[in-house]
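Next, two complexes with chain A in common: one pairs it with chain B, the other with chain C.
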Partner chain A sequence: MATEQNSVSEKQKGTWERPSTFYNKYTKYALYVIIIGFFAWSFIGTGFDVERILQGYGELTPVIGIAWPPNFEDRFLSLYFQGIYESVGMAFLATIGGVLISIPFAFMGARNIAPRPLYYFARGIFVSTRSFHNLIVGIVFVTAVGTGAFAGILTFMFSTLGYWAKLMAEDIEDIAGNKLDSIRAVGASPLQILIYAVVPQVMPRAVGLTIYRWDSNIRGSIIIGIVGAGGIGLTLINSYRRYEYDVTLAILLIIIAIVLVGEVASAYIRGKVQ
Partner chain B sequence: MLSINNLKKTYSTGDEALKGVSLEISGNEQVAIIGPSGAGKSTLVQCINRLTEPTEGDVYLGDRELTKLNKSELRKARRRIGMIFQEYNLIDRLTVMENTLSGRLGYVSTWDAFRRNFPEEDIKYAYETLDLVGMEEFADDRADELSGGQRQRVGIARALLQRPDILLADEPTSSLDPETSRIVMELLGDIAERENIPILINIHEVHLAEEHVDRIIGLTKGEVVFDGPVEELDEESKDVIYRGEQIPDDAADMAHSQATVGSDVTDDMTERTDA
Partner chain C sequence: MSLKSRSEWQRFEGRQKWIRILSSLSVLAALFIFWETMDVRVSYFADAPVHLYDLFSRMYPPDMSVLPNLIGPTIETFHMSLLATGFAFIFSIPTAILAAENLSPNDVTYGLGKLIISTCRSVHDIIWALIFVLILGPGALAGILGMGMKSIGFIGKFFAEEIEEIDRNTTKAVRATGANSALIMIYGIVPQIKAAFVGLTVYRWDVNIRAATIVGLVGAGGIGVQLDQAMGFLYWGEVLTILIVIFVLVVISEVVSAYLREKTR
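Right, the complex of A and B next:
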C-alpha cells in the first residue's frame, strides 16, 4: 500500500537532497547574490580601508605616551568626583522614577488583563520609546530643559519606560490565569485582582528587572554627558578635546571600575531575589 | 436555592459544551456532577458564577438571577458563592493567611487590600477556619511550601471565609492522591453540613461521589442524563452516563480508561477547552 501511494519510484530512491528552507533553489541563490552584493556595496560606501588601520596604529602610539600615567592629581579628583556623583545619582533617580511611571504602562500593555484600546496605546508607547537611542533622546531633552543632569534623568526615565514596562507587560501575560479566576470568584474588583493575584506572581521579576535597569542606566549615564546631559561623560569629552589624554585615561579607568562594581552588585542582588 | 434553566454554552471554537441543562438544588443538599471527560461538567459549574459566560439560559441563586447581573452586581453576588478549584489556585507567593483572607476581598477597599488591612473579625474567623481545616499552624507559611492536600484545605478555608450561601467545587480531588481525596471530600461534606449550605461538586471519581453525597447528576455530552438520589445510581444508569466507557473509579482505573477510550479525540478536545 505504501509503495502505491509513494510518488518516488524505486530508481529515484538512491539520490536525496535536503529540502530547501527557501521557496526553491533559485530563490536561494538569488538571496545569496543579494547578500554578497549588499556586502560589497557597504564596503565601498563606508570607505573601509586596510591601509588606514596600519597608519592609525602609528598615530596612536604618541597618544598612549601622553596618556600614561593616568592623571589622578588632586585638582582633577574633585572634578572626577563631581562627574561620578552626577552620573550615579542620575542613574538612581532615573531608575526609580522610570519604574514608577512604567508600572501603569506594564499593566496596560498586558494583553490578558488590559482592555484592547489601552493595550494598543501602551504598545504604541513601548515602540516609540524604544525606537531612539539614548543619545538622541538626550539631545532632545537637553534642547528642551537645558544642559545638565536633569536632562539626563529624563532621558533614562524615558528609556526605562520602554524597556521595563515592555518586559514587565510580557511577564504579566505569562502569569497563571487560573489564579486570577480564584480571586475573581470571591467577588474582587479588577484592581484588587491586580494587587492580590497579579502583583505577587510578577514581583521577583519586577525587582530583577529594576536592578538590571539600574545597572544599565549607570552605564548609560556615564556616556550621556557627551550630548550635554550631565555626568562624567562631559568631563570625559572635554578632556579629550583639550588633548589632556592623561585625564581621559584616568576617567576611563574610573568608568571601568564603576561599571564593574555596578555589574557585581546587580548580579548579587538579582541572585538573592530569584 | 440554586436553579438552572435550559443553560447552554457554545464555545467560540464551536464546541457545544452544554446543550440545555436544567436542575435545581435546594436547602443543604450535597450534589455531585459525574460524567465522562468532555461532558461539560467544568463548564456547568463555571457558568454558575459566570467565570465562564453562558450562551443561553438562566441561573437563579435564591431569587437573584445571576445571568442578568451587570459587572458590579455580579461581583457582589460572587462574594456569597464559594468556589474550590482543581488546581487549588492559591497565590503561590502569598502566605496561607493572605490566601485565606482573600475570601474577604469583596468586602474591603482596594487600599486596605493592598496593605493587607482586614477587619479584626475577619482575621479571627480566618484563624478559626484554618483551625477547622487543620492548617492553623501554617498560617505564616507561603502557599508554595504546602503539599497538594494542604493547599486544597487552604482553598476550602478561602471559600469558607466568604461565608457563602453555596459552595461550588470544580474537580476538587483530581490533583490529589486517593487517600487525600477521601479526606478532602469528607471535609467538604462536614463543612456543608455545619454551615447548612448546599454544595455542588463536579467530580469524575464515581465511587468518591457515591460515598460522600446525597444526590447525583449524570452529565453526558452537555445533557443531564441522570438526576436522582445516590441510592438510585445503579449499573444501568452508570452505563447511560458513561455510554459504555469504563467508569473512572480511581487513579489507576482512570489511567486505564484513558488508554482504552483514548480514541475519542473530540471528547478530549472539549475537556481541554473546559479546563
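Right, the complex of A and C next:
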C-alpha cells in the first residue's frame, strides 16, 4: 500500500501511471459514477430490501415441507418420461427443420457471395427473429396452430433461423476467397461455386453448430410448455399451479440431470467433429 | 487398399466413411421415429394462416392508449436486467476463481466451482425465477435473483476460461519487483482479464434485458406481467403495443451493448 501512496504523491514529476482503457482519468471516474448511479437508481426503483428476503426465508420452510421428498411415483414417472420425450423430440425435429430452412438464409446473409439487397433482407430477418424471446414466439404459434408439440417445433425452427443462419453467414464470410476464385476460374456456375467451394469449407462448422443448436433447443423446449407448446414444461407449470411442489421438484431435478448429460454429450460430439 | 484409393478418388475412406453413413442413417431414423411417435398434428397447419390472420387483425391497430401505463414496467425491466447482471458479476468472480484450474486452491474447490457453474447454467432463467417466486412471492426481486443465478453460470464459465488463459510471466514479473499478492492481483492479473470481463458482462446484460421481458410470465416482475395480463384478458391491441415496446427495448440494448463491447476490445 505504501508504494501506491508514494506514486500518487510523485505523480507531478511524471511517474508511471497504470494505463487506462478510457480516454483519460476523468472519463473513467465519470463512467464509474454513472454506473454506480444507475445501480443506485435500480436498487431504489425496484424496492430491493433485505427484510423481504428474510421474511421469504421463513416462508420457505412449508414450501420445502411439500416439495421434499421429490415425487418419483410410478404414475408420475411415466408422465415425466412422456414430457421429456416430447421436449427432446420437439428440439430434434425443430433443429432439423430449422437448419433446412436456414440454409438459404445463411447464404443470403453472407456479404461475400450474396447480392446487396438479399444481404440486407437476410440481416433484417436475423435481427427480427432474435429480438423476441422463444416464449413470446411460442405464444404466437400456439394461437396459430393450437397447443401441443407442433407449436413448439415451429417456435424453435424460428429461433434456429435467427441464430444458426446468422452464425453460418458469418462463417461463410470468413472462407478463403481464393478457393472461390479458382472454382470460378474453371467455369463453374454460381450454384457449382456454392457446392464445390463454399460448402466443403463450412461443413464441419455447420455440423458443430447444428449440434450446439440442438443442445440449446432442448434447453428451450423444456420451458416452452409454460405457454402451452408441449413438452415437460407443460407438466411442470401444471404441477406448480396446483401447488404439487413435490412433482415440481422432481421435474426440476430431472431437467438439471438431462441438461448436464446433454452438455457433456454435446461437448463430446463437437470435439469429435472439429 | 492403397491401390484402390489410387485408382479412384474418394472423399472418405474405410472406417470414416462407415461412421458417416451410420450417423446419417441414425439421424434419419431418429427423425422418422420422433415424427411418427410424437403427437404432431400437421393438419392444424392447414388453417394456421387463417388463425394467424385472425390474430393479427385483432392485434392491429396496436392500442397506443396504454403506452403511459407501460413506462413504469419498462423502467422496471431495465432495472431488473441491470441488478441481475450486477448480482451475477459480483458472485461470478469468486466462482470463476474456484473453477479456474490455475487459481483454484485444490481439486475439491475446482470441482465445486465447476458444479456451481453447470447447475446455474443448466437451469433456465424462467425456472430459476419460478423457484424464487415460490420462495419470495411474485415481484421484481424473484426475477432479479432468477436471472442472476443463470447469469452466474454463464459469466462464471467464461470468466474461468479467461482466468485460465492468464500469462504467467506477467505475474512473475510483478512478483519479482517485490509486490505482495494484492498488488500482483491488481497489476499482474486484473489488466489481463479486465477487458474480457467487461465485455462479457455487457453482453450478459444484453441477454438479461431479453430475459427480463419474459420472466413476468411466471409473475417475476417487469413488462412480462403486463403481457401476461393483456393476453389473459385477450386485449390483443395492448399485446401488440407491448411487443412493440419489447422490440424497441431489445434493439436499443443490442445497439448499446455492441457499442460498449466495441469500446472495450
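Definition applied: the second predicted complex is superposed on the first by the 237 of 274 C-alpha atoms of A that agree within 3 Å, B and C clash if a C-alpha of one lies under 4 Å from a C-alpha of the other, contacts with A are read in each partner's own complex, and residues count from 1 in each chain.
What we mean here is this: a contact is a pair of C-beta atoms (placed from the backbone, for glycine too) under 8 Å apart; a residue touches a chain by one contact, two chains touch by 3 or more.
Only a predicted model underlies this, so the values are computations on that prediction, with no experimental measurement involved.
K.L.:
Should A:Phe150 be classified as contacting the first partner (chain B), the second (chain C), both, or neither?
P.N.:
The answer is second: A:Phe150 touches chain C but not chain B.
K.L.:
In the superposed arrangement, does A:Leu77 touch chain B (first), chain C (second), both or neither?
P.N.:
neither
K.L.:
For A:Ile66, is the partner it touches chain B (first), chain C (second), both, or none of the two (neither)?
P.N.:
Once the two structures are laid over each other on A, A:Ile66 reaches no partner at all.
K.L.:
Can A:Ala267 be said to touch chain B (first), chain C (second), both, or neither?
P.N.:
neither
K.L.:
Which touches a greater number of chain A residues, chain B or chain C?
P.N.:
C
K.L.:
Can A:Tyr196 be said to touch chain B (first), chain C (second), both, or neither?
P.N.:
Touch partner of A:Tyr196: chain B, not chain C.
K.L.:
Applying the touch criterion given at the start, work out whether A:Leu253 contacts chain B, chain C, both or neither, answering first, second, both or neither.
P.N.:
neither
K.L.:
Taking the stated contact definition, name every residue in chain A that is touched by chain B in one complex and by chain C in the other, in rising order.
P.N.:
The answer is that chain A has no such residue.
K.L.:
Which bits of chain A are touching chain C when the two form their complex?
P.N.:
3-4, 18-19, 21, 38-39, 41-43, 45-48, 52-53, 56-57, 59-60, 63, 85-86, 89-90, 92-93, 96, 127-128, 131-133, 135-136, 139-140, 143-146, 148-150, 153, 219-220, 222-223, 226-227, 230, 236, 240, 245, 252, 255-256, 259-260, 263
K.L.:
Quick one: which bits of chain A touch chain B in the complex? Just the residue numbers, please.
P.N.:
The contact residues of chain A facing chain B are 178-179, 181-189, 191-192, 195-197, 200-201, 203-204.
K.L.:
Applying the document's contact rule, which stretches of chain B touch chain A when the two form their complex?
P.N.:
Result: residues 49, 51, 75-81, 83, 85, 87, 89-94, 98, 102-106, 110, 113-114, 155, 158, 162 of chain B touch chain A.
K.L.:
If you look only at chain C, which of its residues touch chain A in the complex?
P.N.:
Checking each residue of chain C against chain A gives 27, 30-31, 34-35, 37-42, 44-45, 48, 51-52, 55, 75-76, 78-80, 82-83, 86, 118-119, 121-124, 126-127, 130-131, 134-137, 140-141, 144, 183, 187, 191, 194-195, 210-211, 213-214, 217-218, 221, 227, 231, 243, 246-247, 250-251, 254, 264.
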